[in-house]
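Each chain carries a letter (A, B, C, D and E) given by its place in the written order, and its residues are counted from 1.
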Amino acid sequence: MKSLLEITGLEVAYGQSQVLFGVNLSLAEGQVATLLGRNGMGKSTTLRSLCGLSPAPAGILAGNIRFGGETLGNWTPDRIARAGIALVPEGRQIFPNLNVRENLVAFAANRRAVAQPWTLERVFSLFPRLAERQANMGNQLSGGEQQMLAIGRALMTNPRLLILDEATEGLAPLVREEIWQCLARLREAGQTILVVDKYVERLIRLADQHTIIERGRVVWSGSSAELDADHGVWHRYLGV
Amino acid sequence: MGGALYRQSAQRRWAALALLAGLTVLPLLLQAVGHEFYVSFVSRLLIFALAATSLNFVVGFGGMIAFGHAAFFGAGAYTVAILMENGISSALVAWPLAIAVAALLALGIGLVSLRTRGVYFIMITLAFAQMIYYLFISLKAWGGDDGLSLASRSTLGSLPLSNDAVFYWVVLACLAATLLLLDRITHARFGRVLQAIRENESRMEALGYPVHSYKLLCFVIGGALAGLAGALIANHGQLASPSLLQWTQSGTLLVMVIVGGVGALYGGVVGAATLLLLEEVLSHFTHHWHAALGLALLFVVFRAPHGIAPWFHRRFSRSKKNEAPRE
Amino acid sequence: MSEPLLNIVGVSRHFGGVHALSDVTLDVVAGEVHALIGPNGAGKTTLIHQISGAQMPDAGRIEFSGADITRLSMHARVAAGVARSWQITNIFGRLSALDNVALAVQGRQRDWGSSFRFWAPVDAEQPIIDEAAAWLAEVGLAGRESTLAGSLAHGEQRQLELALALATKPQLLLLDEPMAGMGPEESERVVELIEHLGRRVSILLVEHDMDAVFRLADRISVLVSGRLVFTGIPDEVRAHPEVRRAYLGDVDA
Amino acid sequence: MRLAAVVSAVAATLAVSLPLGTSAHAADKVKVGFLSTLSGPGAGLGVDIRDGFQLGVKHLNGKLGNLPAEVLVADDQQKPDVAKQEAEKLLKREKVDFMTGIVFSNLMLAVGPQAFDAKTYYISANAGPSQYAGEQCNPFFFNVAWQNDNLHEAMGKYVQDKGFRNVVIVTPNYPGGKDAVSGFKRFYQGKSEEVYTKLGQLDYAAELAQIRATKPDALFFFLPGGMGINFVKQFVAAGLSRDIQLFAPGFSADEDVIKAVGAPMLGMFNSSHWAHDFNNPENKRFVADFEKEYGRLPSLYASQGYDAAMLIDAAVRDVKGKLDDKEVLRKALEAKRFKSVRGDFKFNNNHYPVQNYVLRVISKDVQGRVTNKTMSTTFSNHADAYANQCKMK
Amino acid sequence: MTQLILEQALNGLQFGLMLFLLAAGLTLVFGIMDMINLAHGSLYMVGAYLAAAAVAASGSFVVGVLLAVAGTAVLGALLEMTVLRRLYTRDHLSQVLATFALILIANEAVRMVWGDQPALLNPPDALSGPVELGGFSYPAFRLLIIAVGTVVALLLYWVVACTRVGMWVRAGASNREMTEALGINVKRLFTLVFAAGAGLCALAGAMLGPLLAVQVGMGESILILAFVVIVIGGIGSIRGALVGSLLVGVVDTLGRALLPWLLRSFLPGEVAANLGPALAAILIYLLMAAVLFWRPAGLFPARG
């Protein structure tokens, strides 16, 4: 299978302190992959570098990020986004001064002329609760609604790769389950997804392959079956 | 222990004393070559150095970007002028009162302004200074738009302050004393607390420091010293002018501080000297010297972003180890 | 059990429409290590903020040593004996490690004016320096006195943060994920340090490392979506089905 | 280390600037410090005084009292502290023999003491504060223009004589404005309402609305420089000119204002001690040459600048270039041995002029230009109200 | 009396709308880039001078104003790309210093090109007189200012509130990084915003020029007012800028008109005459201090 995303030997530093020491990751079109590891191990930094956010590009010391056959190098975040990477960031980062509808339509785009693009209607049918709260400002939503909005907002750009950073963090179990269901449906629709989260059991069911980062290095990678089989890995690296 | 600055203290002390000695004999030199005019010019420069230093204490050491320092500068000047108008000409009464009035004003303004932060602090200090400005220009009893002229300079014992050289020495003494005081403060407990607050305010609060009180006191000290500078400038030109209170004056002082070096002990002095000397020299060469000054300031912004004093320091100092990494 | 040192009664706090804490009641008794666990976003750090004074609750009461401290400022609470550490390292990066702790020591001398000294250079105050050095040694940073705090390793910075909190000589220590981002050896050292401290101060501990929590805690409270679900000794918590579902495993979701 | 660097920087900069100040005082020329408002809203007035003064020097072939004239021009930016600094440079560094040029009274009051302390004669070509006319009169101060109140007094008398009894007075909230009110009311006895504006104010919407509501039959305003220009423009644009007769002292209705406002000013009355249509040979030469030189009609400010040059010339000629004997020089100045473009005038005991004041009206001249036309004489040999308080020895 | 108040309200509205033209650009620059731009007033000055020159050259007020607006917008874009862009990541003090330097340079540049004397800019002849408004007459040109100001304010509101560009601007003001991560070139967006802001400055300069005076230094005093406006409104908020502008415009005008009259009713004439204008001048600063005291981030904080 031809890979959509190919990260090789990525080394990144915040100012003088290096955070990533050679991260490798590859992801094929239509696949769902996870990035696992305890807090502060470099997951978010990997995602941020991928999206061109600080400390990248200045902080990238070595390594290569290829996406859809192009080397991202020192691309700006907006160019990377237009190339088809959409981020659902940690903490949702909903625009508080835009209402729900605006949060969605502001960044809508179908740059690769997908036959069945994401539209307002499709997002609303995926998350009916958002339709009810269309006119509410971003900061008037509950945590779960904000999370749905963040996912919807990313989908509206019709991305080739959807990235979710701690998308279920701080959500009540039922709402969390709703997010998992949604991801499963996206997967069925053929969406390529990269997830950072900590619910290993749930992720094993959702994703195809997994990468574990420990102190800025990849310490384990493999398929869902392999991860499922090796609970020692869970314990050692994930503190579960 | 302590920072890199402190290790050089002996060297610095000698340099400071040498500079002080040089400045002390300057009037004699100028008189010898027939340029008495420059005695008055340098006095003015030193007074502005004092005013800028007082602002630098607030901005550089207290971490508060105040855009209304002219209020305290002008308040000091007007205190002296108003007292003079009412027959009190003794410097021993008027100058401490000028300091006290400016300090009180700073206390009031600081109490309210320190509720806000960032840009809002900049703007609220500006607003208060503008209020003071309009208050003064509208009160005819205090000279209104004309300002208040002083019949003579203050009297200071038997010192003939009307003599430009004598006045110069008094100004120099005030500046030297202020710098010594601030140098001690920054290395004393209070100064260390300020330094830490500037770096991490919430952590200081969590170590049990009433951060607000420290910042307020810093603001008041800065205001008080500006009051002293105001008392001196009123004596220098024998005029308390409302333009001392104008926002452009606050801006000029702030520019002096930034040019000289925010948080550097001599930043205010270097900044005032640079700006006033540039003005003096440039205006000789071109009618359009403001543009040249603007270009010079742009140079500072892009080439010496931490001001001239630290720039000199880096250029001429060999010891670079232990320089804090920027995060 | 003895009279509680810290008593939180019905504390609520919301941000806009989000209820970060709803009617939380909890106590910490003297000498106890009380762990607070719960998923991210459950309101643990928000609760620490209410106790330390970084934020004020919308409703409810906080008592410390029998006195109501609900409306006290942060520095006043420190003076009363409440100290905290942060989830994200919070130190003075451009000061030396020793100066960091010296500030904490200096701040503790609370007779009015102790830090309103304008003349004598601090560098000559040997008692403060000696005590600061002792605290550094206590947390395992002996020999690192003159290093700039910002250039210490991550784990060392966490240790320094602990030293800062300890040097205020608190009765109650609020520790917000003291082991976040630490390697196993460093974590072990911190666990030992807390075990050691547990004899002298009361500790409210927020931590994700369940091994450490179950090893250290005398009691554990579980916070989920801003509500206190359960408080009990470690074994009770481990056995509690709702807690397991809400936090520990998420196994049967 | 860095201190040493600072020392060298200071020294280096001083070294650069010092030689520039070198210009020894020579008895073989006359140095005049011309300090005036040459930038900002009030610049028009200063520029006119300067041009008038320099035309005078030109008429005298670049000489004053047969000595080569050196005129050092400085800009006070209409700020008292700038004025003081510039004055200090002129007095102490350049050691000028005479000072002149200041437009505004508040600047005059700031600079005056410096000139007097330096025993340098100040020849005011405009500012005539009441202080220097009364108790604070000074042997080193001469005024070749008028005392602040005079033109207002003349206008007050005319308004009174014409039977207006409900007048609004608009002036800035500064001492010159207060003087204007008291001057006007010294001769006007009817009902009056005073409106004070900020000095330098440019938008009068609020004030004009108040005036409209007051329904006066006449309005007297004294707003120097650009203020007056804006006021008249906005007054006419608001439609007030149809019901309210405008009066102003000459300096609010002179060529600078007319040039900026134009036709709307037609029919406005004002008072002056000079007009460009005065029929005497000195004035004809002055007006013709000024127009030729600068391409515009002179204003009364220009005439005052011209007279200031003539006064200095006459006095220096009188003392035969011996400028060091201040007493003799003073006698020569008081004697005023020159013919003024305004006709004759003499100095009072307080060194302010005793002269005629005329009424002018703005109308179209034979060439169709909007300009002032002299109507009648309001006061003859009029002195100011403060002279008797002056105890000049 | 009602007529007087109506007329004063119109005056306040006119002043407020012009302030809004200045404040709109300033607040966006401030909000999106966290940049203190003291040189904003210089764009207003340059715009007014360009308008004076263009009106004189073209003989048409409308053409002149449009040319000035376009020219200043281009100038603003150039300034942003050459100097200001390099300041976004710097601290506020550096921004203050650099843009202060720009003020000095701009003032001298204008002096070199157009001289020390104020430039002449008159309203079109047709609008130089008054018009009758149900019982009282009001200057036609001021009415035009109100009309232009209202149209531009509505247009701006529409752009910011209803168009995608407006959403990007608002999004950029509250969270620049996320806006970029969603595919918006905020850098270019910002150059556009800056150019638009400069164009609005020029429009304000061209409209106020005939009323006030086109002269060197005209930008500084009004700059302070614009800052007051955006601080009251909440930095980064267009709605805040509009409310702040109208508030400042009305408070300033009514204060100037009514305060002396109010004071006179219970104070001796001399004191009232002294205090009135002073208090009126202070009033807006009092307003700002009061707003900041109770709402330390302004009335409509954009960040949230």
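FYI, a residue touches a chain if its C-beta (ideal position, glycine included) is under 8 Å from a C-beta of that chain, and two chains touch if they have at least 3 such contacts.
What you see is a predicted model; the values in this text were computed from it and never measured.
Peer 1: Quick check for the class: compute each chain's Cα centroid; which one is farthest from the centroid of subunit C?
Peer 2: D
Peer 1: Measuring centre to centre, with centres taken as mean CA positions, what chain is farthest from subunit B?
Peer 2: Following the centroid criterion, the farthest chain would be A.
Peer 1: Could you put a whole-Å number on the gap between the CA centroids of subunit A and subunit B?
Peer 2: From the centre of subunit A to the centre of subunit B is 53 Å.
Peer 1: Between subunit C and subunit E, tell me the centre distance in angstrom, where each centre is the average of that chain's C-alpha atoms.
Peer 2: For subunit C versus subunit E, the centre distance works out to 49 Å.
Peer 1: Once you find the CA centre of subunit D and the CA centre of subunit E, what distance in Å lies between them?
Peer 2: 35
Peer 1: What whole-Å value do you get for the distance between subunit A and subunit C if each is reduced to the mean of its CA atoms?
Peer 2: 32
Peer 1: Using the touch definition from the top, which residues of subunit B touch two or more other chains?
Peer 2: 137-138, 140, 325, 327 - these are the residues of subunit B that touch more than one other chain.
Peer 1: Two or more other chains touching the same residue: where does that happen in subunit D?
Peer 2: 173
Peer 1: Going by the touch rule set out above, which residues of subunit E reach two or more other chains?
Peer 2: 111, 274, 277-278, 281, in rising order.
Peer 1: Inside the complex, what are the residues of subunit E that reach subunit D?
Peer 2: Interface residues on the subunit E side: 1, 3-4, 7-8, 11, 14-15, 111, 116-118, 120, 123, 128-130, 136-142, 210-213, 215-217, 253-254, 256-257, 260-261, 273-274, 276-278, 281.
Peer 1: In their shared complex, at which residues does subunit C touch subunit A?
Peer 2: Residue list for subunit C touching subunit A: 16-18, 39-42, 154, 177, 180-181, 183, 208-211, 224-225, 245-246, 249-251, 253.
Peer 1: Spell out the part of subunit C that touches subunit B in their complex, as residue ranges.
Peer 2: The contact residues of subunit C facing subunit B are 52, 54, 73-76, 78-79, 83-84, 90-96, 98-99, 102-104, 106-108, 110, 114-123, 125, 129, 145-146, 148, 150-151, 164, 168.
Peer 1: In the complex, go through subunit D and note every residue touching subunit E.
Peer 2: 38-41, 43-44, 47, 173, 194-198, 202-203, 205-207, 209-210, 212-213, 226, 229-230, 233-234, 236-239, 260, 264
Peer 1: Across the complex, what residues on subunit B touch subunit C?
Peer 2: Contacts found on subunit B: 1-2, 6, 181, 184-185, 187-193, 195-196, 199-200, 202-211, 214, 217, 322, 324-325, 327.
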